[in-house]
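A, B, C and D are the chain letters, set down in written order, and residue numbers restart from 1 in every chain.
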């Protein structure tokens, strides 16, 4: 079982991203359970969504406390939230940022970071900082756990209120293409 | 509506109540046939609608008349008087 | 007239038109002697006829046996007790289903008391009116909860004695004015709103015609005043007289409204008798002092003035608009 | 029910949350009239219904009324006129709905209303819990609690089949946990419309009581008081309601079986036994908590403890006999509730299981666990603790109960 935690802010579509990722994984024959953390999703407030998937039936309908992967779709939310809380040793961080891995303070047990200037891509595509689908592309690139075609198929089945399908497909592809992976020394084996 | 409902399901009633209110009266309307011009005022205002039409006058169905006296009060021709009911 | 000559007049003409129509209730209903609500029920349903579904929320109307008792019914059309609180909603559900299956000619209606209309059933009436549910809602207003022992409702007028607004050294009847439900229905822009009194039966029948017709287009509301001989302390034989005087004094005004035509009086409110002449005939007002009577008279005058403005505005507005020169803002 | 290792997605496969699964279950059941009013955590469910109707996916009359009291009231009217009806509510909405809610089973109206379960104020809280549903357990509605999104979708047509059965004619609440199921997303395979149509058969919801000018009758005439036939008449109808409830147990089993034959998904109708064959202690669970509890049972089994689990699907009518039988061989039982029974200072499911076990010759100790209030997560670790405590009770230790599983969560 692989467990993912997505951090974002209200209005950025973190919960929607977990739903799209869930649909993509189901398309690949996986079992999936995606749960948003329950808060008042006010625009701008920190938001968390959980997703676990497996090749076997998933029975537990619970939050995630020890994620394998953390996706941070907002570059500044980590200032107010400990995005690494409970993270499993050897885990992966998929982060929206303009920084390079060398310039970041990262916990020592992290195995891999995948960084993507999602805001820059979003401004080019949407003229607004909507980073959720871009970061799904980044996740696909970083982990190889979901195929880009499956993500595109899931996007095609999604109702977008604020943006077009074509833009989102471009977003997920650019997220995939423009993500830079760094294996951290301690776990580089 | 393909079957009859058992009598322990939803409370319903299909048969009309047979209750009559004629025995409520203390006073009884009596129509003066000579004065009645069939203007139908009594019929119009009778709450139990117990006024019945006769060939040249309107009469009262005493099986249901409650004896309220509205007909006597409203009759523009003073053709109805209320009289005390007898005890037998 | 099937047999014998009838004197020509209001009563006779109604009898000619409706006398042959079926009374939709059983002969024996347990309304009090002289009950005006029973009179309203029988006339209204005589006009509505069999192709109808009738709601009678808890109160005197089912209390006198219209929905029946111990397994017998008092009504020839489908009839039911809604809750006191949900009459308009249940009717709306019935209407929507029948409309959906193409049975659009059924009159779906209520004969409801004032308590279930202006108090705890208000949300349902207001919601149904706002949504334009196609129902006929007849409010039989006897100014309080007469069935349960004459407690006050939101429709009870100022000064009125009721069992929960008693008269003593400290309190002398109700200290608030009645909620004006028909005007609230106007504010909902219901398809039809009218007030009526059994003292003016021809008019009541005319309004019923229009109300029934409107109920196939939207929310149709008919408010009929119904003096209660028992609860108001009025002699049974004087009930129609009480109806008449309530109108002659403008305590009750008779008017109708549609969104298209606006509000119009159906009986002129000019040259009324003083309200005190009406109040003196009603036992529940026996205790009123001069100040209380003056308050009631002032409220009656205020109400008539407001209605006149509404009636006048609507009558003159289209012409006034046409005549007015085009204006630009400065 | 267990799923195969990997599943191929089909054209009917959706990845949706429980509220959408419920809306699809409702849409597939073809109600004539749907009434909606929003309340957390049900709101998205009624939004889906409105959307389906707006898009023509569902041919129902949408009644967006002014509150839950009217939600159920318009459905009463529609049902008595002959319509199949659906709505959904939660917590405060259910409380506001109570007056017509209490009346529904008495009128024997076979409607289905989803309860998206939630803790009720006060303390002020909009998160999951089952206090709302448990508070109305005595009102005469059938209650079924779902474990997964797929089960929600499937249980709504099943609920109509049960509600409209001539021997039952009672309303059904299909309950699903607020938050975890309402917003949790998982794979749901929509049944084919033709399958649901064939399963439900011909609709006839007001053969017993109707408001129809073609068949005039009085619905719910006044029942007289003492000194006449009134009270005995009243007793006859009350007994009729109880008979409908009693009959529902077999109907629920048959409906689930029928559904399984048509769809391949055989949900446990009354209770589900999990690893109970040789179990020495058992947990009893209800709703979406069950999956984590099963994981905890597996962990305990790996540690050599003989633990099993009984999940309750149908809570009203209470399947007392099958529960007594399922728990007849264990040495202790731990019942996990997501609600509180105030009068007995324990969980409501605990209280019911306790009563059911009175029928067994051997008296076993029971312990009440209360968790998941206010949307709290009951994790496999929490269930691990519940198992450990139950094992200690089986070994003869006495323990004060209830044990509040999330009491010290931070």
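To be clear about the criterion, a contact is a pair of C-beta atoms (placed from the backbone, for glycine too) under 8 Å apart; a residue touches a chain by one contact, two chains touch by 3 or more.
Heads up on the chains, UniProt names are A = Ketoisovalerate oxidoreductase; B = Ferredoxin oxidoreductase; D = Phenylglyoxylate dehydrogenase.
Computed from a predicted structure; not experimentally measured.
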item	value
Longest centre-to-centre distance from subunit C, chain (CA-based)	A
Where subunit B and subunit C are represented by their mean Cα positions, the distance between them in whole Å	24
Whole-Å gap between the CA centroids of subunit A and subunit B	81
CA centroid of subunit C to CA centroid of subunit D, Å	44
CA centroid of subunit A to CA centroid of subunit C, Å	64
Junction residues of subunit C - those touching two or more other chains	65, 67-69, 71-74, 76
Sequence positions of subunit A contacting 2 or more other chains	none
Per-residue overlap in subunit D, given as positions that touch at least 2 other chains	210, 215-221, 223, 233
Pairwise chain contacts, counting only pairs that touch as defined	A-D, B-C, B-D, C-D
Partner subunit D, residues of subunit B touching it in the complex	1-3, 5-14
In the complex with subunit B, residue positions of subunit D that touch it	106-108, 166, 169, 204, 206-210, 215-221, 223, 233, 236-237, 239-240, 243
For the subunit B and subunit C complex, residues of the former touching the latter	11, 13-21, 24, 37-41, 43-50, 53-56, 61, 63-64, 66-70, 72-74, 82
Footprint of subunit C on subunit D - complex, ascending	32-33, 35, 61, 63-67, 69-70, 73-83, 85, 99-100, 103, 210-213, 215-224, 228-230, 233
For the subunit D and subunit A complex, residues of the former touching the latter	2-3, 5-9, 13, 15, 17, 127-128, 148, 177, 179-181, 183-187, 288-292, 294-295, 375, 377-380
